[in-house]
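Two complexes, one shared chain (chain A), two partners (chain B, chain C).
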Partner chain A sequence: MSARVQLASAAGAILSLPARLIEPAMSGIQRGVGIKRMPWVFLLPNLVAVILFALLPVFINVFYSMSGSDRLFPWDRPFVGGANYQSLLDCTNYLDPSTCSRDLFWRALGNTMVFVPVQVICMIAIALLTAICLNRDIVGRGFFRGIFFFPVMLSPVVVALTWQWILQRNGALNGLISAAGLTPVNWLIFPNTAFFWSVFVTVWAHMGFYTIILLAGLQAIPRDVYEAAKMDSASPWRVFTRITLPLLKPVMLVVFILAVIRSVQTFDELYVLTGGGPGSATMLMVQYIYEVGFAAQPRNFGLAAAASLFLGLALLIFTGIQMRISRGGNND
Partner chain B sequence: MKRTTLRTTTALALVLALAPITAAHAQQITLWAGDTGTGGEIFAEMGKAFEAENPGVTVVVEEVSYQTLVESLPVQLEAGEGPDIAIITDLGGLSRFYQDITPYVDAAYFEKEWGQTLQWLRGGDATSTAIYGMPTTLTVNGAYVNLTLFEQAGVPVPAEGATWQEWAEATRQVAEATNTEFAMEMDRSGHRFASLAISYGAQLVDEQGRPVVDDGLRAAIEQFVAWHQDGTMPMDLWGAVGGATHRELFSDFLNANAVLYFGGSWTLAQMDSEVGDLFDWAVVPAPCGPSSCTVMPGGGAMTVFSHTQNAEIAGKLINFFAQPENLDHYISTEVEIPSAASQIANGVEYPTASARTSEALATFINQIPKMDAAAYRFQGWRYQRAMMNALTTRISQVLNSELTVDAAMERIEEDVDLAIQAAGGQS
Partner chain C sequence: MANLTLQNVKKSFGAVEVIPGVDLEITDGEFVVFVGPSGCGKSTLLRLIAGLEDVSDGDIRIDNASVVDVPAADRGVAMVFQSYALYPHMTVRENLSFGLENIRMDKAEINRRVSDAARLLQIEQLLERRPKQLSGGQRQRVAIGRAITRDPKIFLFDEPLSNLDAELRVLMRVEITKLRERLGNTMIYVTHDQIEAMTMADKIVVLRKGIIEQVGAPLELYNHPRNLFVAGFIGSPRMNFVEGKVSAVAPGQVVFEAPGLPPLTLPGALAQSMEAAPATLGIRPEDFVVSRDAGAGWPVTVGVAEQYGANSYLHCTLAGEVPILVHEAGQSLARRGDVLYLAPRENHWHLFGAGGAAIERQA
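Showing the complex of A and B:
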């Protein structure tokens, strides 16, 4: 036997050791539960993890949303029923946050409802455009792919602090504007400009991730379809709308769902960059939940839990719609 | 061979059997200190002296970040965990976790030295005489002024007793004459704003621990908004940020971009090291409002927590730290404002501080007797942080035209009521 075969045999023996070690135990379990129930045995570790770390926290959250006081442990918290929900929903006019009992919740909800579509549309449009450019045979393609993906690897706090340094009154951007002989703008003190930069910074920070996914989708489209279109003298726009977009649809849906979920969860970048300001112009739902549940003293866990369930419910409905559309698309 | 095995087994059994007895004699006290200044270094050093006097006692001083003390410690205490002792700053807010150490300390001495500040630890319970710990240092809010800019502008520096409006007018003149960006700036902090508000007559909290939203507060908010509207104060701090986020721009003062900066005594060391003699600066006496010339006090306290298994030793350790020689050593090395009455009266020598810093410290200390009773009451109130968060959030909304002053006043009251309700309605 050659040395290579001996080595392979030894490696095989080592790799199969764990399986051989648990084999007697597994055989015993199989005898006990029967072969039909064995899949459940294999699923059990994951099921336990999902129950402990996903389902149980949801149930605990539901309980917290129906309990009062600033106490941490559930058994120390009195049951208050729907009081927290009632407090959040108490409004004279739902379109005017100032008439609501918890006005900041509604302001944050309103901001989120504007922020999410604007940010997601910008994100997908720019990521798609970038992916199409990077899919072409351009010089330094690998370098540019790295450049666009780089911000994704940065900590959100680093991203926010960097942009704060760029955008602040005496920041780098105003330095350039002054050097060009123009009047500097205090970008973060006006609600509209602060909102614009909030969208810009979050798109800049995350678009690399979606670009990579879309690029993979573009590369999966068979080249011969494009060649056929070329032979038929199809215009670039027609190629894009009739070939690229339809064939990219499944990937686009995944990107869309991921982008929406990430957008609704936006917190860290904006918390550091604007703190939700000016006033409450960039305060999104997650910041509201954080402020009520953790920054406030005493901590209002009940109200924060109720607000987070609203957020969860909205995400659930949205994901359901997306899945339905996605299934429809697959059936086509 | 058999005999050796027998001996080893017997020795092991003895060690195991005696271990709990030994452990019972050894008492370990864990103390958390924040990582500012010299951190826990001086307490660790004094802890060694305590260990020498109390054989079998070990004092472990752990240095933690300020963020840990503010955010993690309350959650640990809620779970019955955490250190035996910690130096904290949310004195009233954590009051329900404290251990009464009256039997283990010289209560009369503690009352004599910290009569007023001990009350802050009682969470607003005016009837309590319990001693929960030792106030370590006092911090004082105050205004730093760039004297070089005043000199260049030829504007006289307002004298002691000058009002906030007189200071605003003088600093505006200086800013215009010297082309300085901003006349006045104030940390985005409810605590800093409370200095202005109380000097304008705001009570913020009454004797019963109920929130007070009065005409004094309204006048202070209106004045504050007016200063932002006429450019006396920049929007960058209170205008640009939302929610309860704390923000400061002391760098503006360090870079001579602001004539007056309202911050606190804790930035003295930074001034000393970063500005030095680059420009002439001073801490000025508290600007006056229509009601008083007060600023807010603050500071830390070393408290024992009720989950400790060693309350007696913890109490004795605090009593040891509170002795005059130990207290003097700590305050002078840390270059802090003392909180003990005798130290305030007799003064403390700071051998390592520069002449300018010593002068500034003296000015801060001179503000202590002028502090309004409302300022002390607010500092010891259990819901102080709720009120401070409401002030920052709502005033920023007024500055951005999201709320009127009237609406902001209503919201501040509602926010604090909600916080009290969330805590079970106990004032």
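Showing the complex of A and C:
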């Protein structure tokens, strides 16, 4: 045998060692469960993880939402049925949070329902614009790609503290405004400006991620399709609306779903930046859940669990609709 | 329909000069094929004409008007891309009409042109389908249809058949030739396949490294290649070459000697001054007289005998391991290891000088 053949057979022996080690065990299991049930054996490790860390918490959450008191352990908690849901939904007029017994829940829900569409639309529009710019042959393209992606790698608390430093009363932005001879604004004190900056900062922090996905989508569009459009007298606007957008649709749907889910989950940046304030102007659902369940005394785990199930259900419905639409899109 | 003139057209990508200067005249209604090995600049030249690339220097004139500053869409040319470049999200009908909608053409006229093109290419039943529901050949037709609806002065084809299988390629070759006869437009066709070039062209332009090696009718290039490159590129299978020297020139005959081989007497006339000059003898596989009699030419040993049924190709070697491919009509009796004797048919040989240029024969 030549040296090469010997080497190859040695490598083969080493590589097949793990297989040979587990082979007796696996064939024992197969004899025990039967070949038809073997797929379940292979799925088991992941199944256990999913059940333990995803499904089980959901069921525990359901139990918590139906139990009362501030006791932590389930066996200490009295069953209260739908009382927590009743409390959340107890309103004289659903359009006026102040008539609800849990008015903060409704304010947070209202804020979320404004924040999510505004933030997602701004984010996708800006990310798309950025991706289109970065897809061109511009000088320093790699550098700009890095710059736009950089905030994604920052911890949300770092993002929030940085922008707080910029936006606070004696912050960097007001320093520039004063230097320009204008009147400084207390950005985070007024509901409208605080809301604006909440959207701005979260877009700034996350858009890089979506820009990269959209950029990959743009680069997947064949160059010669654009050349054909050029030969076909298409104006840049026609190229964008008739070629780029339709061909980017599958990627846009993914980006949209991810952006909405993430937007609904917004918590840490705003908790540090505005604390949900002024008042409750920038308090979103997740912060409400946190406040009720962990910050308030006594801790109302039951109410927090009910609110988070409410949120989970809303996201589930939304994702279902999206998946149906996207499947329809793919059948085109 | 249009004339096209390239005047000293140059193209560089950064420091790389792809086309160092091309002059070419294409007359109205001609079917011109740019052929050459990959990287020879043929596609670049086509893209320069299309307006998809800007020329670095020189002028491109369509009907005597310079178009170098005219956008691609306004040059009156239409291009069929190698990958077809159909719009994947549009139906065939939308693919055909998109370019016309862009110039805000009247709806009725668009419909008329789309159905005319569809009828011409026999894709009427496919109009509501999307490109991914079509076969390669059908996509090819749609791509050609898209060019036809624009009613261009000049059609540009960039290796349009290279993505099709061999059988379909032959079929589409014939279709395009027929189409060309029906439309009568000027057409420029890029390919690396010299069979496509030979069968379709009125005029072949052989390119190498961005330089035109020879321009001419297919058979002119086949019969009178101007240099070794053209001789080797045009004709399939390629021409055999044997290096040696012209040892004697007598009236009506030339004696060629190669190392290790007996002198070969070639009937034909050369200038006396060629005597003793180093030269390369070129003989096409189909231009040999094959004999089993010793002394009837150069001895070769058969290595592989390929039987195609109607034709046979004998892969032989000369002394000194020079490979020689021999074509025999019909089914050859030669077997591996047989020794055959080869001589060129009268006037079916080519001599090339030291620089590769063809040595003119005298009448």
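Here is the rule we use: the second predicted complex is superposed on the first by the 316 of 332 C-alpha atoms of A that agree within 3 Å, B and C clash if a C-alpha of one lies under 4 Å from a C-alpha of the other, contacts with A are read in each partner's own complex, and residues count from 1 in each chain.
In this text, a contact is a pair of C-beta atoms (placed from the backbone, for glycine too) under 8 Å apart; a residue touches a chain by one contact, two chains touch by 3 or more.
It should be emphasised that the depicted structure is a prediction, and the values quoted were computed from it without experimental measurement.
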Clash or fit (per the criteria above) of chain B with chain C on chain A: fit
Partner chain(s) touched by A:Ala314 [first = chain B, second = chain C, both, neither]: neither
First, second, both or neither for A:Ile325, with chain B first and chain C second: neither
Angular separation of chain B and chain C about chain A, which is computed from CA centres of the superposed model and rounded to the nearest 10 °: 150
Partner chain in contact with A:Ser235 - chain B first, chain C second, else both or neither: second
Between chain B and chain C, more extensive residue contact with chain A: B
Which superposed partner A:Val254 touches (first chain B, second chain C, both, neither): neither
Partner chain in contact with A:Val118 - chain B first, chain C second, else both or neither: neither
Which superposed partner A:Glu227 touches (first chain B, second chain C, both, neither): second
Partner chain in contact with A:Pro246 - chain B first, chain C second, else both or neither: second
Superposed arrangement (fit on chain A Cα atoms) - minimum chain B/chain C Cα distance in Å: 49
Residue ranges of chain C touching chain A (in the complex, touch as defined): 50-52, 71-74, 77-79, 81-83, 85-89, 98-99, 102-103, 130, 146, 150
Of all residues in chain A, those that touch chain B in their complex: 68-73, 78, 87, 98, 101, 103-104, 107, 168-169, 186, 188-189, 191, 194, 271, 274-283, 287, 291, 294-300, 302-303
Interfacial residue positions of chain B with respect to chain A in the complex: 71, 75, 78-79, 90, 93, 234-236, 239-245, 247, 383, 385-386, 389, 393, 396-397, 399-403, 407, 411, 414, 418-419, 421-424
Residues on chain A engaged by chain C in the complex (per definition of touch): 222, 224-225, 227-235, 238, 242-243, 246-247, 249, 332
